[in-house]
């Protein structure tokens, strides 16, 4: 009986300890500070508003806009189809499935890009992929996409193409501009940002 | 921070090398606990030798406690540890067939390799049988396929199914294991086997 | 234990609880390193898949079993974690047997039965175990032991099915063992 008693003496207290402590709720950081600094420095998280506008116009199903402002701000105005995840409740369990996924391209936005960028930093550090930040935020969106300013006559052709695109996008999205100038609205073809491969991988099946 | 391979802290080849060393430790522990002897293994079913029960459950609770504590200290990410998927029908049917194989052959796959390594001819024959069985499955796969994928329940943990925390279920398992060991030691005294 | 010889014999083996703790540590190491538990029948499956591929190169497209295998495993079948692990088991078992002086070519069986009968049953048991481990997605080590350690529901069900059946059938095969 002696070895059994010895074993019981060890494992039963350990069992009681593990039953008594709260389960591990730590969100493990998956990216080192160096890696994050490198990504943030390169600005890979920013998506240009033109790309977002194009995806919205084309009703790209992979786009998911996430408003990180407060619910009140979200209620007063939000971008088409956006969902609201206030920055303060970003780490709440109910949003994990939305933020940590591979199917959608999540684009955070706030008034400027500061809060959205913070949301990206936090989720990125948790190792989540496929989250991006709307460059310039709502301020830029309003000022330049929904009510584009006509470029001066001396501007290069690309500027005009961009202007045409923005005007037509604004029309489609219910913004200020109404009639597109002649010329093709599809001149600026949106390029989907490169989505990096998932680093971690689940081990394959058992025996 | 573990697990090492899914986090890509170690390369694939290092992982294979470590697999080899872990295998050596596995084989050593199995053999030195007496798992290379089919009569010792089968003893559990007649009460004369409960070594299988003791080693098997002590191993399971040790690893379980180890994983729970390592997760608590943030050393291992349980989300990345492979949890066997549960296909209810095939788990039961497969288990019943394996149980019949166990009582007839006296080995399970791991222990038969161990027995074969120290020259047990019955273990070698069992290994040959294993290969025949797996080939048999490979060529009759279509016949089993429907049942093979029936009643898929995802990858649930028992604790989730029961709605309790991992730790609490761990405690239950530890207590249950110690209780079983006590019964087994009683049975060993009650049904001694004549030595040969 | 009843007599002196058995004490002699059991002294050679590790105490089962010590063996169990060591087994648990090995299993823990496997989980920590590779994120998966131990296994045995998976290595057999890899070898089987390799040989089928060598004999019939189109098998991956034509045989449903091979399709399923290719779907869940990447790369060459022999370059698998479990194959390396099982090679280690052979080495480890041999070393332990050599140290303890248990290396001997023999058929172990109850004095009440012949070697021939033992070998026939070993073969039948092996066939059943091979088949069952494929249907149940893992054997005693891969599904029951590793599954229980990670609290997998499937692992517990498989474990209970294996031991329950073996207990239920024990009576009919008692002559083989006692």
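Should a chain be cited, it is by its letter among A, B and C, assigned in written order, with residues numbered from 1 in that chain.
Going forward, contacts are C-beta pairs under 8 Å (C-beta built on N, C-alpha and C of every residue); 3 or more make two chains touch, one makes a residue touch a chain.
In this text, all values refer to a predicted model and were calculated from it rather than measured experimentally.
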* Comparison of B-C and A-B by number of C-beta pairs in contact, larger one -> B-C
* Taking each chain's centre as the average of its Cα atoms, which chain lies closest to the overall Cα centroid? -> B
* Structure fact -> Here the gap between chain A and chain C, centre to centre from mean Cα coordinates and rounded to Å, is 47
* To do: Let me have the rounded angstrom distance from the C-alpha centre of chain B over to the C-alpha centre of chain C, please.
  => 8
* Inter-chain centre distance, chain A versus chain B - centres from mean C-alpha coordinates, in Å -> 43
* Return the residues of chain B touching two or more other chains; collapse runs of consecutive numbers into ranges. => 3, 5-6, 58, 61-62, 78, 80, 82, 84-85, 109, 166, 170, 173, 181
* Residues of chain C touching 2+ other chains? -> 16-17, 20-21, 34-41, 45, 81-82, 133, 137-139, 141-143, 146-147
* Would you pick out the residues of chain A that each touch at least 2 other chains? => 4, 7, 202-207
* Asked: Which residues of chain C touch chain A in the complex?
  -> 15-18, 20-21, 34-43, 45, 72-74, 81-82, 133, 137-139, 141-143, 146-147
* chain B contact footprint on chain C (complex, rising order) -> 1-3, 5-6, 9, 13-14, 16-17, 19-41, 44-45, 47-49, 52, 63-66, 68, 79, 81-82, 84-98, 100, 102-111, 118-119, 121-170, 173-174, 176-178
* Asked: Mind pulling up the chain A residues that touch chain B in the complex?
  -> 1, 4, 7-8, 11-12, 14-16, 18-21, 23-24, 26, 28, 199-207
* Once bound in the complex, which stretches of chain A touch chain C? -> 3-4, 6-7, 202-207
* Write out the stretch or stretches of chain B touching chain A in their complex. => 1, 3, 5-8, 58, 61-62, 65, 68-69, 71-72, 74, 77-78, 80, 82, 84-85, 109, 165-168, 170-171, 173-175, 177-178, 181-182, 185
